[in-house]
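Have a look at this one.
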Amino acid sequence: MSFEPRILGILCNWCSYAGADLAGTSRIHYPPNVRIIRVMCSARVDPTFVVKALVSGADGVLICGCHPGDCHYSEGNYKTMRRIPLLKKVLKDFGIEDERVRLEWISASEGQRFADIVKDMTERIRVLGPSHVACELHADPRER
Amino acid sequence: MKAKIGVYICHCGSNIAKIVDCEAVREYISTLPEVAIARTYKYMCSNPGQDLIVQDIKEHGLQRVVVAACSPRMHERTFRAALQAAGLNPYMFEMANIREQCSWVHDDPQAATEKAKALAQAAVRRVVHHEALEQMTVDMCPNTLVIGAGIAGLTATLELAEAGQKVFLLEKQDHLGGNLARVDLTAPYLDSARDLLIERITRVRSSGNIELLLNSRLQQLQGYVGNFTATLSRTGHDGPGTGKIREIQVGNVIVCTGYREFAAERVTHFGYGKLPDVITSFDFEKMLQAGRIECCDGTIPKYAAIIHCVGSRSAEFHGYCSRVCCMTALKYVHEIKSAVPSCYVSDLYIDMHAFGKGHEDFYRRTSEVKTMFLMFGKGDHPIIRSAGPKDDCKMLIEVNEQLSGELIEIPADLVILMVGMEAQEDAMETARLVNISQDKEGWFIESHPKLDPVATTTDGIFIAGTCVAPKDIPDTVAQARAAAARILARIAKGKIAVDAVYAEISDDACSGCRICNELCPYSAIEYDDKKKRSHVISAMCKACGACVAACPSGAIKGRHFTDQQILAQIEGVLR
Amino acid sequence: MAIRVNPKIIDDLAVYGAEDVQLCYHCGNCSAVCPHADEFNVFPRKPMRNLQMGLEKKLERSLEPWLCYYCGQCSEQCPRGAEPGETMMSLRRWLTSRYDVTGLSRLFYRSWKAEMIAILVLALLTGVAFFLFGMLRGDIHVYSGPGAFLPSSAVHLFDWSMAGVLAALLFVNSLHMWRLVFGSKDGPKPNLFMYLKHLPQLPWHFLTQNRFRTCQERNGLWLIHLLLVASYLTMLVLIMFFLPTMQSGPEIRWTVHTFGYAASIGLIGATIFMLHGRLKKTRTQFQHSHKSDWLFLIMLVYVALTGVLQHIAHRAGFPVAANLVYIMHMMGVVPMLVLEVPFSKWSHLAYRPLAMYLAAVQRDALLGRSSQGGEILAPRRIA
Amino acid sequence: MAVKKLQIALYWGAACGGCDVAVLDTNEFILDVAALADIRLWPIAVDGKYADVEALADNELDLTFFNGAVRNSENEHLAKLLRRKSKMLVAFGSCAHLGGIPGLANLTGREEILTKNYLHNPSIEPGNKKIPLPETDLNGQLLQLPYFFKRVYRLADIVPVDYCLPGCPPAPEQVKLSILALAGGKRPPPGSTIGAAERNLCDDCQRSKSEKKIKHFYRPHEILQDPDKCLLEQGILCMGPVTRSGCGVRCPDTGLGCRGCYGPAPDVMDQGSKFISALGSIIDSKDPHEIETIIAGIPDLTAILYRFGLPASFLQRSLKL
């Protein structure tokens, strides 16, 4: 059975979560690999959440927010636009592939775009294979 | 002490049950230690569904509830009300979205059921950490500040004043009426703009509840819904008390600052400013108000031409349609034909937008007076050149006419440019003062384009009229009255409930690094110099969580969205 | 080079009957519903557009008005009540006045009083002339044979000379029509082969009005029109070639007169039908009747009736009455032929078949040119 | 018989010896300690042998200060041994508490470290390029060396730790206070961090703090600093806001951004990722390209964020091992 990646989706309530709901109401199908949790704004996403997800067994993390300029709180997504690149620069040093953490802007009317992004990310991570971040994290130091 | 949690998995008829095996999810969830009760039901949002929860809370003393059903954006409020009815704090509740984001979008039942289990478990892990939150109520100052005294401002002010409320009407110019005062007649029934305004202005001047502040501007707006402090300054050049600063207390603000007409000289190929007889619609209104239609040299025009969409629906200026110019142009045809029957009028348009009440008949009546309607392409533009000596007209308009596919030349002694609408030049400043946002064209952004068109995401700030988007007088007046009505509804309630979800800073953790201070778009975070601590004004906080994530000492707690809750949810969903 | 619009044209055309054309806002329903419109001839919308914009040159060169047999479906479809069918009818009248080199047609269409005066004057002249001719040469009491008041040989000669003049006038105007259509320098240039290839279309359309059938299958107006044309042609042949036998002896010469009777019945029946239709406005195309339509039908009925009366009078043995009615008949025939045929509605008997023929030639010319990369006159896809 | 003296032990795992020096830095106070207590093991200063420790009864030691990280099997052995032998085991200094500077080795692989040091090291004569193995036969005798783990662990990863005393090295003042507190009987709740404040450096830092909008990052020597303005506001990366106070703001006072050696504040789980969140919020740009250039302007961001706390972070090590 081919590897089924487990991806955490953190979506902002006003734009991307509404877009994901729209994909639902329009019955746009996409792979079941992304599991979504809701935050009020993408600015609430603390890079610690992403790192915690990776060590908790996530093969990928998808963070979605409103398009720059459309943020419900007017400037929230600009902060995310700076935090995630900073995080990805650090993750690279930890040997974590760049495509495992992804930031996308999705508006409340872009149900199809959300589905496409989920499809694309699932395929890319299926190619990358499972993430080794979580395994032998707490293993006995003695093993060779 | 293990919290007693009730989990309810909804079939939603067949919407969820068709793909997700609800029974399997129920079984899995009941094995979780924190869960006391796990049930499935056909329609959780129905009354019997909600009663199920209320009964369980009362009988089994449930302390927290999870419903795995549709999107929380759909029924979170419904179930919170159910908890409240059962005497449990409404925030002890979490929803798992296993319909829009699971059963409706996946076709593999086995994978969808696994995902539903994970989403339900995540909700359970999260709800364990929920805390009871109380909604704060703040008393409501009944006064209202209306910015802009055009038709929208006047209407809203009168609506409020005649309902017995105090209104401060702020206008930066030295007269009332705004853009409507510069117009002669209005489309499509050709009733005079002056009559519309005179009646309202006299009522405004004579009403005791209205304080009229001409030549005045908003300097600063502080506070939050129900408790705004507005600082006003007089800008009149001469008038007594120029520059005088004044502070007023208001509960709500209506922004109806109107629009600015598009500067026609920006369109070089019309030659506005160079050719004397090429005038804008507002220049023509002045002529109509003076009662004589004539070219610059005083002669009566034999040929008149009207060009639509100047600055609107164009790639290089504004993409939107300014909605009012088509009917205004037809109004001009009627006025020209009635003033100068022998004059041949041609009307160059891209599309004739006759969408409102009585507009199509108005358009037909304009056709009956033998107006020559010429359609030009959206990307294309007519070119105006002065005519040669042998021509019997002053100017020639060359246009690629779409209906006949011919390149034609139109004689014209007088050309009227239907200039579109643009955001006011000080719209950016106004938006920053009252803390609302602008779209890329400069129009103010409403809370919801369809469901909430006059409110904004900043509570207590309402917007009405053309400052939101180009619109005609009926829509403007309707929006003005809508804003006034919403404010009267709030004043009637007397108190205003401030959402229980906001950020708070714990004093013993904050080390005064001030990183959070200017993160807040609503400036809801203040820094106390003496105590060297930052503090959140809970009423102004919109719970976006930007500061919660940014606080390096973890001192800011986002109520209902704490780190602990979210991390638990992450662990739960990745089980 | 940009074409200059002329806002006055639309007022001119009102005289020819196009009142509501300015209401058209170009939804294109009429062209969509018209059975004859195709990618080369987008009508009635294109001609109406040229009319609204006053593109005189384009209107003159267009054959499209002649391709329309006024079935009236377009006027029924028009959401704005712009009467495209009526506009095409008025364009035909305008083109007739345009083709006419003498300018009389323009005068007649513009003021029907002028036309009435011309008809009356001509009628009186013919009456007096024939009367004097008859009085000098023959005996009023003798209708046919030697010493007849109006000997068939003389009338025969007169008929042929009038036919000659008529043919010449029609030929000149048709030539003018051809020059207008193909004369312009940027228009399509058909070669001789194309002219010859489509030549048989000329008599075919003249005799059968076949296109009228395709757009008339609903209410049979084509049959009536065909009957009218057939009757008219038979009468023409009888008068042109068998006048002596027609006029001779009180007894009825069945071999000739049966045709005569059939033709007369056909003429009177069809004309009465048309007159009834226009009076009662039974069909869409009968809603508006221009003065020239009324005049044309009235004179046709008058001539047919006087012809029959004259025949009856002669057969029933009243030669004097026969002769007088004969003069009255001629007072109707001459103005009708001299004025109606070249300058008014009846000229369509020449222009329509010619237009069908020229349209077929034009199509080949355009196809030919487009294959050499020239730009097809078909409507450009609006970007 | 005379009141029993306090039995204490100090040990150093993968360490630099700075923590032991910090104990000496308490100057005369160390003599009082020596008077009060029997130092049963202090490799750097006292001649106690492993055998002596093994001879002790369990929990015979009242207090043990373990500084240095666990890098090889010897450190692990001693950590477990001392845990068994002492009532109170204190992770002394950043290395034991968070993994410290040695912890940065977790960003590279074991083979890479050994080949770099024993094969490509310029100071090795050509003949001697050999990698030491845990067991080697040296002309008939078996020579054993401690096993070199794949990555560095903090003390708490190996054995349960009673208290943590952060700092690299811990301020001598804090060392003195901690010893008195632990020896004195009124002990803080187990598992807590001693010798440090509950709030971050900014609380004690005297520099003026105002609006933080950073367009460009500088290294301390690259700009003329304003002595009394917050370093972060001047574009110098200072981990102060995310690091516990208690060191007396030694680094920021000398114009050097705080390096985070005291570890994160109590409510912060991962010092590095938390500071990314704070840092991302105060970068002053809304344009993706400008953001890219600003971020590229920070050399070796990971090492700055996790200089002392890599093994204590969620990720603990790079996957490139």
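Order of writing sets the labels: A, B, C and D. Residues in every chain begin at 1.
Everything below uses one rule, namely that a residue touches a chain if its C-beta (ideal position, glycine included) is under 8 Å from a C-beta of that chain, and two chains touch if they have at least 3 such contacts.
Computed from a predicted structure; not experimentally measured.
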item: Shared interface partners, meaning chains that touch chain B and chain C; value: none
item: Innermost chain, taking as reference the mean of every protein Cα atom displayed; value: B
item: Contact-richer chain pair (by C-beta pairs counted) among A-B and B-D; value: A-B
item: Chain separated most widely from chain D, comparing mean CA positions; value: C
item: Between chain A and chain D, centroid-to-centroid distance (C-alpha), Å; value: 33
item: Inter-chain centre distance, chain B versus chain D - centres from mean C-alpha coordinates, in Å; value: 54
item: Geometric centre distance via CA averages, chain C-chain A, whole Å; value: 81
item: Sequence positions of chain D contacting 2 or more other chains; value: 269, 274, 277, 280-281
item: Overlap residues in chain B, where contacts from two or more other chains coincide; value: 519, 546, 549-550, 563, 567
item: Sites on chain A at which at least two other chains make contact; value: 43, 46, 48, 52, 79, 83
item: Chain-level touch network, classified as line, ring, star, complete or other; value: other
item: In contact (per the touch rule at the top): chain pairs; value: A-B, A-D, B-C, B-D
item: Contacting residues of chain B [partner chain A, same complex]; value: 71-74, 97, 99-102, 104-108, 111-112, 114-115, 118-119, 122, 437, 439-440, 457, 501, 519, 521-522, 542-546, 548-550, 558, 561, 563, 566-567, 569-571, 573-574
item: Chain A to chain B touching residues, read off their complex; value: 4, 6, 8, 13, 17-18, 20-21, 23-25, 27-32, 35-41, 43-46, 48-49, 52-53, 56-58, 69, 72-76, 79, 83, 115
item: Residue ranges of chain B touching chain D (in the complex, touch as defined); value: 508-519, 532, 546, 549-555, 563, 567
item: Residues of chain C touching chain B in the complex; value: 1-5, 7-8, 10-11, 22-26, 46, 49-50, 52-55, 58, 80, 379-380, 382-383
item: Chain C-touching residues of chain B, taken from the complex the two chains share; value: 303, 344, 346, 352, 363-364, 367-368, 370-375, 377, 379, 398, 401-411
